[in-house]
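Structures for review follow.
There are two complexes below, and they share subunit A, which is joined by subunit B in the first and by subunit C in the second.
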Partner chain A sequence: MSKKTLTIALMDPPYESENLTTAFRILDIAARRGYDINVFAYEGASGLAFVRQMPHPNPVHGKDVAEENHPTTKDQVAAVLAAAEQNGGKVDWVNCGMCVDERGVNEFVPGTRRGSPADFHAFAEASDNVLVIPTK
Partner chain B sequence: MAKKTLNIVESAYRAVMEEQDDTILWLLAAMQGAGAEHTVVLRGNAVNYAVASQGVPGLTIGKWKQTQAPKMDRDVLDLIEKRKIPVYVIAEDLADRGIERSELVPGVQLLSRMELPGLFTEFALVTHW
Partner chain C sequence: MTQYLLIESRDPFESNDVSYYYDLARGLAESGNQVTLLLVQNGVLSARPSAHSAALGALARSGVTVLADDFSVKERGITRLAEGVVAAPIDVVVDHLAAGHKTLWH
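Up next is the complex of A and B:
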């Protein structure tokens, strides 16, 4: 079977919905299968790869930073990139440039890049399938 | 003396995997620690937060693993037992979902939809999340 290329467009911001958990589960499987993956991170999702995200303690749960081990989407993005590379795939993760500018989140996880809607168009043209997970 | 606040929580399981808890139940617990006086009503899909023994495996993405996946029944119990926050559940919303009273964590109080407006009069503030 020939290698598959999958494009996923995301819109939800980090820490606001379950959509991103679903998206990362799909990305994880695709990366484990060695697919080539394109991600267009649009609107709020442009903050997923913002590198200054920090885990925090959870005083309500009585846990310090290490114990709480709070997820950050920047770590999840990095994990997807690493898993793809380990399994012979590659990830082209594009953060919408205007979206990151208006949010001030223009410092990215290494291996992701700034881009534009033209990248999403090119991704869709070159992919076996495209999945859009929009904000509702 | 703090204003008594009734918090009706309807949004459920929103970002709980990323936050490792429900952001509203967490907020109320934290505010109670700061001297607030809260009561909670779980309605709609949020009634499921009171179902005992629920849980979810931590998320795994590549080599990244979640070690503190959310446990909503634990957090509801924490409100009742540790924070002394009364927690009501709308009985009809439980019935609509086929959830029996016996499936809930101890200490949760049932309230009918008809009784809810009457409860409003006991509080200075009513918030709907």
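Up next is the complex of A and C:
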């Protein structure tokens, strides 16, 4: 299986859309194959890698933080980066700069970076393929 | 011949746009292209035998490969798929991307 470079653009904010569940499943597969992956996190998706996200308990169900085991998108981003590295690939995860400024989420998971739509253009030019997952 | 992967994530009972996306798949296939339609998320609801599933059978007969994400199917308790629809893992998206097929998400 030859090495590929794939670019995926995300637009949905954390915790609101099933699109992200599917997107992370796709990213996980690509990372486990050792592909190089570019992600452009635009608009609401710029919050996915926000590092101050905290898991929470679920008092309605009587569960503490550990029992609830609430997944955060920052941990999912970190897991994709780790899976790619373990399998010989790399991830260039770009958080749209204006988007993070607007939302006050300008602190990222290590290994991700600030960028602009120009990065998405460069990604598309340099990739074997591109998938854009828009908001509904 | 161009190869396409069309991904449908929307509920056909909620969005009339879905039928237009099916039309796009059929039109591309009838124009001589190789087309795969992958249903994901609430897009798989038409794969449960229902008023909307006949459209998927017609697509399959027109030459479109119709797949339903197995995870989305299980989540929704769908135990039987409509005629012409085959369950598939999400890996197929990466397969198509890696092969350079034109991939669209709706």
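The definition used in the following text is that the second predicted complex is superposed on the first by the 135 of 136 C-alpha atoms of A that agree within 3 Å, B and C clash if a C-alpha of one lies under 4 Å from a C-alpha of the other, contacts with A are read in each partner's own complex, and residues count from 1 in each chain.
We adopt the following convention: contacts are C-beta pairs under 8 Å (C-beta built on N, C-alpha and C of every residue); 3 or more make two chains touch, one makes a residue touch a chain.
This one's a predicted model, so the numbers in the text were calculated from it and none came from an experiment.
Superposition of the two structures on subunit A leaves subunit B and subunit C fitting side by side, clash-free. Contact with subunit B, but none with subunit C, is seen for A:Pro71 once the two complexes are overlaid on the shared chain.
In the superposed model, A:Arg103 makes contact with neither subunit B nor subunit C. In the superposition on chain A, A:Arg114 contacts neither subunit B nor subunit C. Looking at the shared chain after the overlay, A:Pro134 reaches subunit C, while subunit B stays out of its contact range. Touched residues of subunit A, counted separately for subunit B and subunit C, are more numerous for B. By the touch criterion stated above, A:Val80 is placed in contact with subunit B alone, subunit C being left untouched. Of the two partner chains placed around the shared chain by superposition, subunit B is the only one that A:Leu20 touches, whereas subunit C remains out of contact. After overlaying the two complexes on the shared chain, residue contacts for A:Pro59 are found with subunit B alone; subunit C is out of touch.
Shared-chain residue A:Lys4: touches subunit C; no touch with subunit B.
Put simply, if you stand at the Cα centre of subunit A and look at the Cα centres of subunit B and subunit C, the angle between them is 60 degrees to the nearest 10.
Of the two partner chains, neither subunit B nor subunit C is touched by A:Lys90.
When the two structures are aligned on their common chain, the gap between the nearest CA atoms of subunit B and subunit C comes to 5 Å. For the contact definition in use here, the residues of subunit A common to its subunit B contact set and its subunit C contact set are 18, 25. Put simply, subunit B touches subunit A in their complex at residues 13-21, 26, 29-30, 33, 59-64, 66-68, 78. For subunit A in complex with subunit C, the residues that touch the partner chain are 4, 6, 18-19, 22, 25-26, 29-30, 33, 35, 128-134, 136.
Across the complex, subunit C meets subunit A through its residues 9-10, 40-42, 69, 71-72, 90-91, 93-94, 97-98, 100-101, 103, 105. The part of subunit A that touches subunit B in the complex is made up of residues 14-18, 20-21, 24-25, 27-28, 31-32, 58-61, 63, 67-71, 73, 75-76, 78-80, 82-83, 86.
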